[in-house]
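In structure tokens below, several structures.
After this come two complexes, each holding subunit A, first together with subunit B and then together with subunit C.
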Partner chain A sequence: MKHEAITERLLELAARRFGCSRELLRPEQDFFEALDIDSVEAMRLLSALESEFGVEIPDYEVQDVRTFAGLAEVISRRVKHA
Partner chain B sequence: MLEAARYQSLGELLSDAWFRWKKALALLELDRGTESRRLSYEDMQREAARVASWLCRLDLSWERTTEVPPHPGLPSAAKGGKLRGPRIGIVLSNQSRWLIAASAVFRCGGILVPIDPKLAPEEQSELLAHAQVELLITEKPLLRRWKSRPPLPTLLVDGEAGEAGPELFVWDTLPEAPMPPLAARKRSDIATIVYSSGTGGRPKGCMLSHGAYLSQLEALMALYPLRPGHRVLSILPTNHAIDFMVGFIGPLACGASVVHQRTLRPEFILSTLREHAITHTAFVPALLEAIERSFDEELNKRPKWQRTLVDGIAQFNRLLGISPSSPTIAPLKRALGDHLEIIFAGGAFVDPRRAERFYALGLPVVIGYGLTECCTVATLQDMHPFRADSVGRPLPGIEVRIAPLSGTRLDEDGVGEVWIRGPTLMSGYLDDPELTQATITEDGWLRTGDLGWLDASHHLHLVGRIKNMIVTPGGKNVYPEDIEKAFEGIPQVDELCVFASGYVWPRRHHLTQEVLFAVVRSRLEPEHLRSELAMRNRNLPEHKRIQAFVLWRDPFPRTASLKIKREPLAQALRERVEPGGSGWMPLITTSSSPCAFSELRSARASENGQSRRDGIRVAGHHQS
Partner chain C sequence: MAEGKALINLEFKEGVLEVQLAKEPCNEIGRSMLEALEKVASFCERGTFERHPIRAMITHSLVERGFCAGADLRELYAENAQAIAQGVSEKERQAEVGRFLRRIHAVMNAIDQAPFLTIAMVHGFVFGGGFELALAHDIIVAERSARFAFPELRLGLVPGFGGIPRLLREVGNAIVRDLVFTGRSIGAERAHALGLVAHLANEKEGLAIARRMAEQALRFDGGAFQAAKRFIKEVPEAMLAKEQEIFLERFITPWVQKALEHFVHSEDPMPYLPPPPQAFKESLP
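Then we have the complex of A and B:
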């Protein structure tokens, strides 16, 4: 799957899960800020992404990640290795 | 349970534990649903022996001895406490090898320097240098975050044989070896150097003696004893004072088992609680909230009559002040783990309503209060009776008093600074006798900097932070001085000072409602300033972001050394500004329109059926 497609699916899922409009989300945004979520909710977002993309994302892979683009990057790497 | 009073050092205590509970399960490590390690006390001893014998052969300064600077109020210093042996840093996520490595360090007589694995590598590097660490124990994902490897011999707990190199060692290649002899240490000698403030500012390395930990263990186990068969889930980082005691020293001194789950996803924490018969765990409030949410999700799947019945039983229990299990609640309790006896909560403000609800449903949440400077906890709920409105009573052997903020008498409301005295106190800050003097009085009282009052039954109630520090719902300490650095250098901003709202308006702000805000003297247009601040804000981690700013015209009051005098500035703010009122300018991030936030909020409020309560984020984002 291409990186752009992953980013798009990720943003769609985030918008759906947190009840906001997809148009308001952009890849370079800080997802904590854009979705107004705390770290526990971010963990839940990760779990949702794992089932969406069928990959496992260890906690340490996302320790320093704050943007949607960063998340997409981690998922792309994992999808390639899967 | 091993009798803590009989021991001189943590190394001696752990060595006895290995001998005493040979076959019992000591450590269980899970990676999601898979069991990755299972070690009996005997196995743990064998693993620790490999590390300890390797450590002893390394060219580290085993003979190094430094006196702890004397302080009239500190018993450990008075008894000739020393920093003996090399300082060994540990930067690791929670796992069984954290405990094994630390035990090996204590066995050989090293001083453990546990560092938060979540800090930025530069911050970790600064603390390692400050503590003069000679060897680092870490893991690959954390090492990869460093631009270049730290200039220290390093042991990787997760490396493979081929990855070893000059000064880089791999745990799995360490040969089996007999356990080296126990290094003799006295109770007054230093066991660990634990950093209580992160970063940027002055590093505060608390020197904690073996005696402080052993006294803490004794006091804690008198209230909440553990025994073989108990299983403690270690979730909070083990470098954190709470988990060091509740998820390491405590259970191992009692023959209980420590369970590690490699992920912090709530669903796996819940399944671990359930499937591995966890009896005890320690949470920060944010995690407690996540567990409550999962509990409610489970509840909402049930028919309405059952939900009403559960609420009714919980209310009835609350009225009677009891926490029984009942046939209706039992299946729900099973969703969280039928064996769970106690959840310790601390490190930040615990919502009393949440603690009461858990208790009424049969899950006691034990709220405590402590600082790294006094080991783990100073006050704790004793369940006689259960109360969620305070942070408990002083532990046996610990004294707590409320000191007047000014003069010699307390105000009418009894609020003052919380002071703590007892054998669990640190032996001072590493290489900072000046700060030690300022923090601990000549007669041994630790000035906590927290505001509180004691009620008639000697329960402590916290109302805010006297110092600049605040604690976020996630249990993180935030220091405004650190945050100010992120806003340095904005053109045409002359002065900027960050406060926690609870510091400025302590009586009007509950801890959960604290927000960070900046007072700014600037020549910029307010809207321009707002966007400059918002841009800098985005570079900060979530819990360090300011939520609002106040424009200020007069130059800030400053000391002779040009530090901002915060208290006079706070006093002036109190007189001229209302939080949330005129002059209070909420900060909106540049990345989203105000409408985005209001849409999100209304969508989520209706989804949850309630508004958010997670404190530190409340004031800023949703304002337009």
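Then we have the complex of A and C:
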């Protein structure tokens, strides 16, 4: 799957899950701020992403990631190895 | 039959005891929660609730954030800091934690060996002591939001409430090492694929699955159930004793109090993971 497609699916999932408009989300945004989520919801997002993309995403790989683009990058690396 | 609002609510109906963890923010196990869990353990030891035989027990959480986030690290930090400030010796601090540890191990062992079916229905955070509590049960039902982790190494500790011996009973050593040595969490789907979780449930549907499972258990002969349980689910006593020993050895190292302090003051959205080395190694004694 191409990186752009992963980013798009990630943004769609985030919008759907947290009830915001897809049009308001951009890859370079801080997802904690854009979605107004805390650590509990971040954990749920992680589980949802693992389910959506069929890969495991260890927390330490996203520990310092704050943007949707960064998340998509981690997922892209994992999808390649899946 | 129901008891009033408390850290743990108990409901008993037709042979099934429901243990509802209800302590905000996420059922952290400190002294008060330990006392409440000791009451649950006493039902497990007796096999009865107010003279009625218990045939199954379901433990779940009423708290939104999850099943249980583990030991109450804020309480542990505060108590240890106070003891250090008062000049309490390392030996006595170790002995104090040892007394707590023996009590929580007694609780876990009582749940582990209860003469009836025990089900942990989990969601959200199932971390550290919460993971250990779930592992003491016969069966884990997990809603998809559940995430399991043993983050203890970040504190300079090993899991201390029986986690490693009981996880080893369920899954391969490679998985145990992955979880313990990296402190990472795994989601409910992965835990289900590993055989750690027996039933995977959609959000808010786990309790119905657990209740249906408990009803099924009522149909079997209690004696046959107990014989099967003794055969299938041995308590790893030697490893549990060794775990306490290692935990207490580690507890008095300077790293632990410093790491607890860092955790208590952390604003990191993933405070269960260790901070980058430069953030706090330099401040170690």
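Things to note:
Keep this in mind: the second predicted complex is superposed on the first by the 82 of 82 C-alpha atoms of A that agree within 3 Å, B and C clash if a C-alpha of one lies under 4 Å from a C-alpha of the other, contacts with A are read in each partner's own complex, and residues count from 1 in each chain.
Going forward, contacts are C-beta pairs under 8 Å (C-beta built on N, C-alpha and C of every residue); 3 or more make two chains touch, one makes a residue touch a chain.
The model shown is predicted, which means the values in this text are computed figures rather than measured ones.
For the composite obtained by superposing both complexes on subunit A, the positions of subunit B and subunit C are in clash. Look at A:Arg44: by the touch rule set out above, it reaches both subunit B and subunit C. Comparing subunit B with subunit C, more residues of subunit A are touched by B.
Using the contact criterion defined above for the overlaid structures, shared-chain residue A:Cys20 touches subunit B, although it does not reach subunit C.
By the touch criterion defined above, A:Glu12 lies against neither subunit B nor subunit C after alignment on the C-alpha atoms of chain A.
Look at A:Glu4: by the touch rule set out above, it reaches neither subunit B nor subunit C.
In the superposition on chain A, contact of A:Gln63 is made with both subunit B and subunit C. When the two complexes are overlaid on their common chain A, residue A:Glu33 makes contact with subunit B while staying clear of subunit C. Counting contacts by the rule stated earlier, residues 32, 38-40, 43-44, 46-47, 56, 58-60, 63-64 of subunit A appear in both its interface with subunit B and its interface with subunit C. Interface residues of subunit C, counted against subunit A in their complex, comprise 64-66, 124-125, 144-147, 149, 182-190, 269-273, 276. Subunit B meets subunit A in the complex at residues 32, 93, 118, 141-142, 145, 262-267, 286-287, 289-290, 473-474, 538, 542, 589, 591-593, 596-597, 599-601, 603-604, 607, 614, 617, 621. For subunit A in complex with subunit C, the residues that touch the partner chain are 32, 38-40, 42-44, 46-47, 50-51, 56, 58-60, 63-64. Across the complex, subunit A meets subunit B through its residues 18-21, 24, 26, 28-30, 32-36, 38-40, 43-44, 46-47, 56, 58-61, 63-64.
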